[in-house]
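Here the chain labels run A, B, C and D in written order, and each chain numbers its own residues starting at 1.
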């Protein structure tokens, strides 16, 4: 159709699609899924880090971690707002999450087990997220692209803080170094999974690339992450979590092992180490908070009514 | 009346009153109140000690504490059973407790704040309880008297264990000794309060003495406790928690200061440091457990019905 | 600045810093569990401000004490009996209503106290108060708004807020208890006598609770024992188990 | 007794002792909070037995390790990653139904395992198992009774027990996972290969759940990582904060 043609032309010419523009239903649906998942990830992502807020070892570390978690909740807000421009409400999206009909990043189904995990999450998880998000700054949907630009600034700050936290550990006492190594060992492959399945197995990729909802392929982004991270691991004096990692002169990239995709799909299906707990936590928070949301809403109604009555 | 005369004759001749015997309504009511409060005290008394079970410093200390708390729950059972012989059910008594219409020993409204408190509770609180209870072995109501005999055996074991625990602390490191001193300082006056107000202010005493529901006066028992405990404090090398304590050669007893009775009556009224938390805990346990009690009851009904059907 | 007993000044600073430390910790327990995303953000922000204030108060306390202790040493290596926070701030969070009511009751005190401390004869204290005052003003605006919104909301939210107030009110009085430390601070012009702040507090709190259609409970019993360390609640010890875990398990590390 | 690698034997003993330690701790958290007084007594009794077993297992583990460590040292001075309990026992108590279901799923395994261990070629282990077996037999009788009573009780109690089973079932498989440590124990006749206990377990558990009108959930995913320490749950660290507090805060004391 001419609408479709016009739409694709804009995309091809890097003109952003805006909320009021015509767009194919599939584009809208795909974006809602992707932005919604991204928003949910920010929200659920508070939990593994929140797990250590009450045990942060110094006041400064506690402040840094609080600020980070606060930022993440803020990112959740931007992203829900971006999704709302596509005609779906935040509450609808949250309901879909709680019913298990929408996902969040599989990384947050892994536990944070020692203090170095907090550094590693900032460094590896936020590091991986940034690589995804930097690419997405050029995504075709305007509100999403603008949210990404805003989020990226804060995320790169988090990644630097995470690296500095794990540096303290890697260069600290033997126990601290052991914690750092343990964290990297456990989080390396889950971080690689954050870029999604290999291009050949990725269901949504081709159409998303054409629509510039995605801008780079999963494997390209993963390679970029590995290339950037391996020298950092080496610098920290930690063992590489994957013994097959090796510089490939010819490709100009590191070779590395793929994560266990069976595990990945199992986590997606709900069988990750923390899926049940994360969702139980989120559902409980939502249900326990119902009276608060209703109370504040009712107060706003009363206030508005009083204002009308006074006019 | 001749019934009353006969009843009082039995009492005066130290013949026990048994459940099926005639007894004055006031005697029954007073006993229900006293035994019920005593039962509630055993149950609520689990909480301040339970507060340290998860932090017991060694496996052996944890086992000793668990065994003690288990015994106390057991004492609660004996005492509710004794009360039931007077025609009141355990559930009725618990309801009265939860509605604030029945009390429990004021001592359990004080917090356990360091590990030495656990020793001090065994030594001072169970020590004070035993003095009450030894006297009550001779109480006129048969089931109550028999429960007391059974309970006293276990309590004196607890008191010895408590003393041995605090001995470790008093003879330990400076910090441990400081904990022991802190515990004794905080628990001394509340322990004295366990014997009730001074005889001259005690509302229920006179009639209870005549009925041999009480066997010694509050002040007699309190003196006995002080005389027995002060040498132990001295032996531990701790400072006496009341600087006015002094041996009175003439009386053959220690002189000592009375606790702050205003504080005592405030605690009784519900204003003690832990009243609100203790009752919130007990009510919540009861409410949260409703489905369990109902489930097990329903199962018993089904089972009985199946048995009948099969016959 | 008038001469003042160093140990008394140290105790005063602990009281200020332990309040913000313990309350900040409690608020941070909400992370990721609040009723709505905006509240997750607000609570994290409040906790963050309070931890920031703690760094200043305890940092100065360590200097005054003169034993070379950092704010972290004071926060992570004292046991419960050495803490000097009021009992109010160590009480468990309860539901969101109880948390916000506690926050409001504290914020109201804090905003008034910090206002006076800006005029302290101790320049360090005046400077800390100047910075913290801005945060406290924002906090009390926010928490009073929530108390009003939920108090004057649905029947359930009203009842929950009234229950929160009933539970917490007996802990309010401790913030205004004066002892020889307070009198020494007042005499030196370092800090106001807390007893003198009560009228201002009652006016502020009364106005907000009124708007929230909530009633201050009868009975004037006051739970004390935190700010002089005589008798904390059982809750503080459990809080410290978590808060101090790493410093206790791995002593002497840099983090 | 055949020659066996000392470190493997040590690991095996840790697995046994950490199971009872952590489960005993969890059960002890109920103290004073259970639905009915008889359950307070029963739960305290169960915890007490488990702690007693811990003293034997970890006491022997310390001897085998040969570094002069006592059972208390092992219980109170290791960090989470050195614990070797199955994930099942470190999961939070949840409601009473979840606690009793976890207890039953563990007791069933424990009663079978201890039965076999009574025939261990290691006399110490055989002796510990002989003592612990009697307790385990009583525990499984009790917990299976409660599971049946609540499963076949009211609709609510049935649903809660089914939810508990659904939540816990993925953690059952870890008790039957075999690795080189298990194979070494089996080869030396010290302990059975856990994989070989599964049929007996399924028969026992199946019979009880059947009577309880509860259905084993579909799906055969198994959560592992506790008994080899690869990946505990987030819950264990919090548990240790409390459990180890005194030993961490006041090292080197006698208690």
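To be clear about the criterion, contacts are C-beta pairs under 8 Å (C-beta built on N, C-alpha and C of every residue); 3 or more make two chains touch, one makes a residue touch a chain.
The UniProt protein names, listed by chain, are C, D = Ring-1,2-phenylacetyl-CoA epoxidase subunit PaaC.
Quick caveat: nothing in here was measured; it's all calculated off a predicted structure.
Undergrad: Using the touch definition up top, find the fewest steps from chain A to chain C.
TA: 1
Undergrad: Most remote chain relative to chain A, going by C-alpha centroids?
TA: B
Undergrad: From the mean C-alpha coordinate of chain C to that of chain D, what's the distance rounded to whole Å?
TA: 42
Undergrad: In whole angstrom, what separates the CA-based centres of chain B and chain D?
TA: Spacing between the chain centres: roughly 35 Å.
Undergrad: So how far apart, in whole Å, are chain A and chain B when each is placed at the average of its C-alpha atoms?
TA: Going by mean C-alpha positions, chain A sits 56 Å from chain B.
Undergrad: Touching two or more other chains, which residues of chain A qualify?
TA: 55
Undergrad: Please output the residue numbers of chain D that touch at least 2 other chains, ranges allowed.
TA: Touching at least two other chains: 79, 241-242, 245.
Undergrad: What kind of graph do the touching chains make: line, ring, star, complete, other?
TA: Chain contacts: none of line, ring, star or complete; other.
Undergrad: According to the definition of touch, which chains form touching pairs?
TA: So the chains that touch one another pair up as A-C, A-D, B-C, B-D, C-D.
Undergrad: If we count contacts the way the header does, which residues on chain C are in touch with chain B in the complex?
TA: 79-81, 167, 170, 219, 221, 223, 225, 231-234, 237, 241
Undergrad: Give the list of chain B residues in touch with chain C in this complex.
TA: Touch residues, chain B against chain C: 48, 51, 55, 111-114, 182, 186, 266, 271, 273-274, 276-277.
Undergrad: In the complex formed with chain A, which residues of chain C make contact?
TA: So the residues of chain C touching chain A come out as 21, 25, 28-29, 31-41, 44-45, 47-48, 51-52, 54-55, 58, 71-72, 75-76, 95-97, 146, 148-150, 152-154, 156-158, 160, 242-243, 245-247, 250, 252-255.
Undergrad: Write out the stretch or stretches of chain A touching chain C in their complex.
TA: Interface residues on the chain A side: 43-44, 46-47, 49-50, 53-63, 66-67, 69-70, 73-74, 76-77, 80, 90, 115, 168, 172-173, 175-176, 281, 284-286, 288-300, 302.
Undergrad: For chain D, which residues count as touching chain C in their complex?
TA: It is residues 79, 238, 240-242, 244-245, 248-249 of chain D that touch chain C.
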